[in-house]
Amino acid sequence: MTRLSKEILTQTIKKRPEISHKGTFGRTVLIGGNSQYGGAIIMSAEACVKSGAGLTTVITAAKNHSALHARLPEAMVVSFEETAVIDSVLETADVVLIGPGLGLDQTALKLLQKILKNQQAQQWLVIDGSAISLFSEYQLALNFPEQTVFTPHQAEWARLSGLSINKQSEKNNCAKQADLGAKIVLKSYRTTLYDQAAAYYQNPLGNPGMATGGMGDTLAGMITGFLAQFEKTIDTLAAAVYLHSLIGDDLAKTNYVVLPTSISAALPRYLKKYASERK
Amino acid sequence: MTRLSKEILTQTIKKRPEISHKGTFGRTVLIGGNSQYGGAIIMSAEACVKSGAGLTTVITAAKNHSALHARLPEAMVVSFEETAVIDSVLETADVVLIGPGLGLDQTALKLLQKILKNQQAQQWLVIDGSAISLFSEYQLALNFPEQTVFTPHQAEWARLSGLSINKQSEKNNCAKQADLGAKIVLKSYRTTLYDQAAAYYQNPLGNPGMATGGMGDTLAGMITGFLAQFEKTIDTLAAAVYLHSLIGDDLAKTNYVVLPTSISAALPRYLKKYASERK
Amino acid sequence: MTRLSKEILTQTIKKRPEISHKGTFGRTVLIGGNSQYGGAIIMSAEACVKSGAGLTTVITAAKNHSALHARLPEAMVVSFEETAVIDSVLETADVVLIGPGLGLDQTALKLLQKILKNQQAQQWLVIDGSAISLFSEYQLALNFPEQTVFTPHQAEWARLSGLSINKQSEKNNCAKQADLGAKIVLKSYRTTLYDQAAAYYQNPLGNPGMATGGMGDTLAGMITGFLAQFEKTIDTLAAAVYLHSLIGDDLAKTNYVVLPTSISAALPRYLKKYASERK
Amino acid sequence: MTRLSKEILTQTIKKRPEISHKGTFGRTVLIGGNSQYGGAIIMSAEACVKSGAGLTTVITAAKNHSALHARLPEAMVVSFEETAVIDSVLETADVVLIGPGLGLDQTALKLLQKILKNQQAQQWLVIDGSAISLFSEYQLALNFPEQTVFTPHQAEWARLSGLSINKQSEKNNCAKQADLGAKIVLKSYRTTLYDQAAAYYQNPLGNPGMATGGMGDTLAGMITGFLAQFEKTIDTLAAAVYLHSLIGDDLAKTNYVVLPTSISAALPRYLKKYASERK
């Protein structure tokens, strides 16, 4: 397993091509935020837009639209009920994130089933939070596992892999990754990444000031934004994980608790720095 | 009675443990904000999240959800009517705050009665604002007084203790504290704290620029966030009171009026400073 | 007529008394903001709270509550329809502002009639914007003219006084002020103030960068906040007018247009500065 | 074709006249923002207000009002359904923008038809985004083409002109401009401007960090604000285009992605700078 370092950033974050347009940087669709957890998908959207994704549409409960726009007019919004519009935005999406604050009810389950069923060749899928729990509970299946990322914390990984937390060894995790076929970002004290039956990376960064509600939603949004723009590989996931913690560590030097939204606010500057250091 | 000093901060605010997760820093539930006073519980929530609590859920009138999320997507929201969800979030709460902007109607009374009835062993309860008035008027009872904090101003303490303001001497307050069994944060020009029939602390700080709507709601949120993370003692309450005034005094050096939300905004930096000075 | 200078600030803005509470700094009620002009009363409220008023309640169309709280949780909110709550907050108000964004419909008229009818001894009333037009059109009357302030621009003053703009000479304005009995803040290129049949003050400050929607709403909020705290005299109105322009002039040094909300944001610092310079 | 330079700014951005009022700087009406794309018109409004327009009214879906006011209380709001109010604000408008986030449904079409039909002598019209597509699809007509601006990107210009993207040569564009009679701001990697059958300007600035959702909505708002204040000529359109890119280039020095709202936030300072450099 490779210990991540700043090189993952300079290797991944590319200079934006001079002749380009919004589509060049990807169309993302973020699905989550029920009545109780609307803040989660708002935080994901902030991370995605501020990572540099070209176009970001958020599918969330109608009650969350106003707060999202008050913070982030750059995003577009659709309600869970607007089936035709949902189908339309999904059709042209490059990367779809489902899960932050989505909850576990029938609306959530049906959305997840629709997303899984309609995943297209070339379309990437990031499955986070409660969508992982639903996927596990209902034993759902992936159409394109190699274009799918799961971002579980340890309890969610236990549900997804069947491995209780104390059995989540590198070897066992690799075996389960091979069964699933999808890429795994296993969030913990030191987040690890798995792909192609190998434990690729371990993140050496992060700090306890980041242990606060919304931090995972922010990471999921960053991963989505990174996949929309950069090579669609495990390295790009690793770069998102590493930068999320690197910013968090910098902020923790002067902040007892690191607000997730403060990480997103810092993204444009940090991305610029590492894009500039690219050889 | 001990005059508080900065030592209460360095003694109370601990370094966050390296290996930890959101749960390590407590699950808080904040209840308040009716149709008229929604801003109160928003200000409590900002103080609680920015104090470093791990997870913060706000139970408030549905009309307040959007403004809360526009300011603080880090919090989760539940409406007063969502009985099943309320029961669920209360069950796992470490600290419950009830009162800021709650009002005095039947909805408020029933919520307070539910909270009091269902308080669990290990679960702390902070009773503030109109919830103190309701508690007094309906002569409600505490299940776990030793795990309960009242944060009255002098008029609310008169209702709760039966002591008119001119009889609120240290001795009389101690006697009433002993009757109630709960910890008392008696807010006034120089806030005092009572526990175990003793007048423990007096806060020497604070300034008239802090005399503006929402300052008490912010303190209640800080107390909740502190109890979620630090030792559940009168000292921790005292640290919240002292830091609230210390930040207020610093801000008043350049501001004629100190906005409550500006105190919350400064919390992550001040907490970091005193955590770092801890021996 | 006296040309205003910075002395009006050091004479008016007093040090806040050490032993005080929210009530010391006044209870204000701001009425305005219909479906179209909700931003107006939001801007008034920001100016009032940031001027240092102790408690601020905003009576506005329900659709404006969420945006108000998203910007300013420090304020309390009531809808136009909540008659009982309106009566209750008016009863204890020290200063009432009516007009910013209120509009001209029956709801507006009835609110204005209620306010005029129920004005109490000791209670001050500021009449701004469309409330001036309604007052003129329906030939309404004042219970306590000496405790009432009108803040017309020239066209509104024409309606109120019957003086067409080219007849608004100092002499004619004085005569009309004597008829009305109320204090007049006549907004124009160089705002003038009238009281007791005399032209008291002329404001030498202000700049064309301040000619943008919301500037008058912000001034009305400052006047309300100042009356809540300082001597209830023409001097205090003059101090509000002067400081509003002074901040505007400072901001215009680096801004082509001065956003009204940027004036309110600067208030706590400017007020502190002049309170400190008071002899 | 002239390559734009900073001179277009110092020639266009005039010092605000000392004796002036809100009306001096124009009444603007911005129409757009349906259920899905509310952020678009919010971003246009921020750009328009911060460009210095005197009064800005936004006609948008009711669900967008709260978020707009939470960000920008300086604007006024009207819903798509409020026909009488719409007619009233249109009657006194100096510049009308239609299109950002408007969508393509019947509500959008009817609004566009109303605007086109009622355009008055002296009233300028900016047609952007989906309104261009509707104009093309339904072969609508202009009453005052010489007072009309289209701001298409290349695909929208293809629909409007009938020229496929590879046929959009300078010569062909000029011919089509002559047919339409309106001024054309053709957005692309290097935006060009056409008027009176001539290719007037090419913008040499801009960067790929600006390729993100909302950038065009922000430009449309700037164009509207500029037309409200400055000479109503192709030069003023060019100045808006150039400043939009100039700010974007400055922000891109430290930001990987340039948020459209960060351009609007910088407008008052940049406009001041170039107004001051005017000879």
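Order of writing sets the chain letters: A, B, C and D. Residues in each chain are counted from 1.
In this section, a residue touches a chain if its C-beta (ideal position, glycine included) is under 8 Å from a C-beta of that chain, and two chains touch if they have at least 3 such contacts.
What you see is a predicted model; the values in this text were computed from it and never measured.
Where centres are the averaged C-alpha coordinates, which chain has the largest centre distance to chain A?
The chain farthest from chain A, judged by C-alpha centres, is C.
Over half of interface residue numbers shared between chain B and chain C means same, under half means different, so which is it?
different
Where the centres are mean C-alpha positions, what is the separation of chain A from chain B, in Å?
That gives a centre separation of 35 Å.
Between chain A and chain C, tell me the centre distance in angstrom, where each centre is the average of that chain's C-alpha atoms.
Chain centroid spacing, chain A to chain C, equals 49 Å.
Two or more other chains touching the same residue: where does that happen in chain D?
Within chain D, the residues that touch at least two other chains are 66-68, 70.
Any idea which chain D residues touch chain A in the complex?
35-40, 42-43, 46, 63-64, 66-68, 70-71, 153, 189, 207-209, 211-215, 252-261
How about chain D: which of its residues touch chain C in the complex?
Checking each residue of chain D against chain C gives 13, 16-22, 24-25, 49-57, 62, 65-70, 72-79, 82, 85, 267-272, 275.
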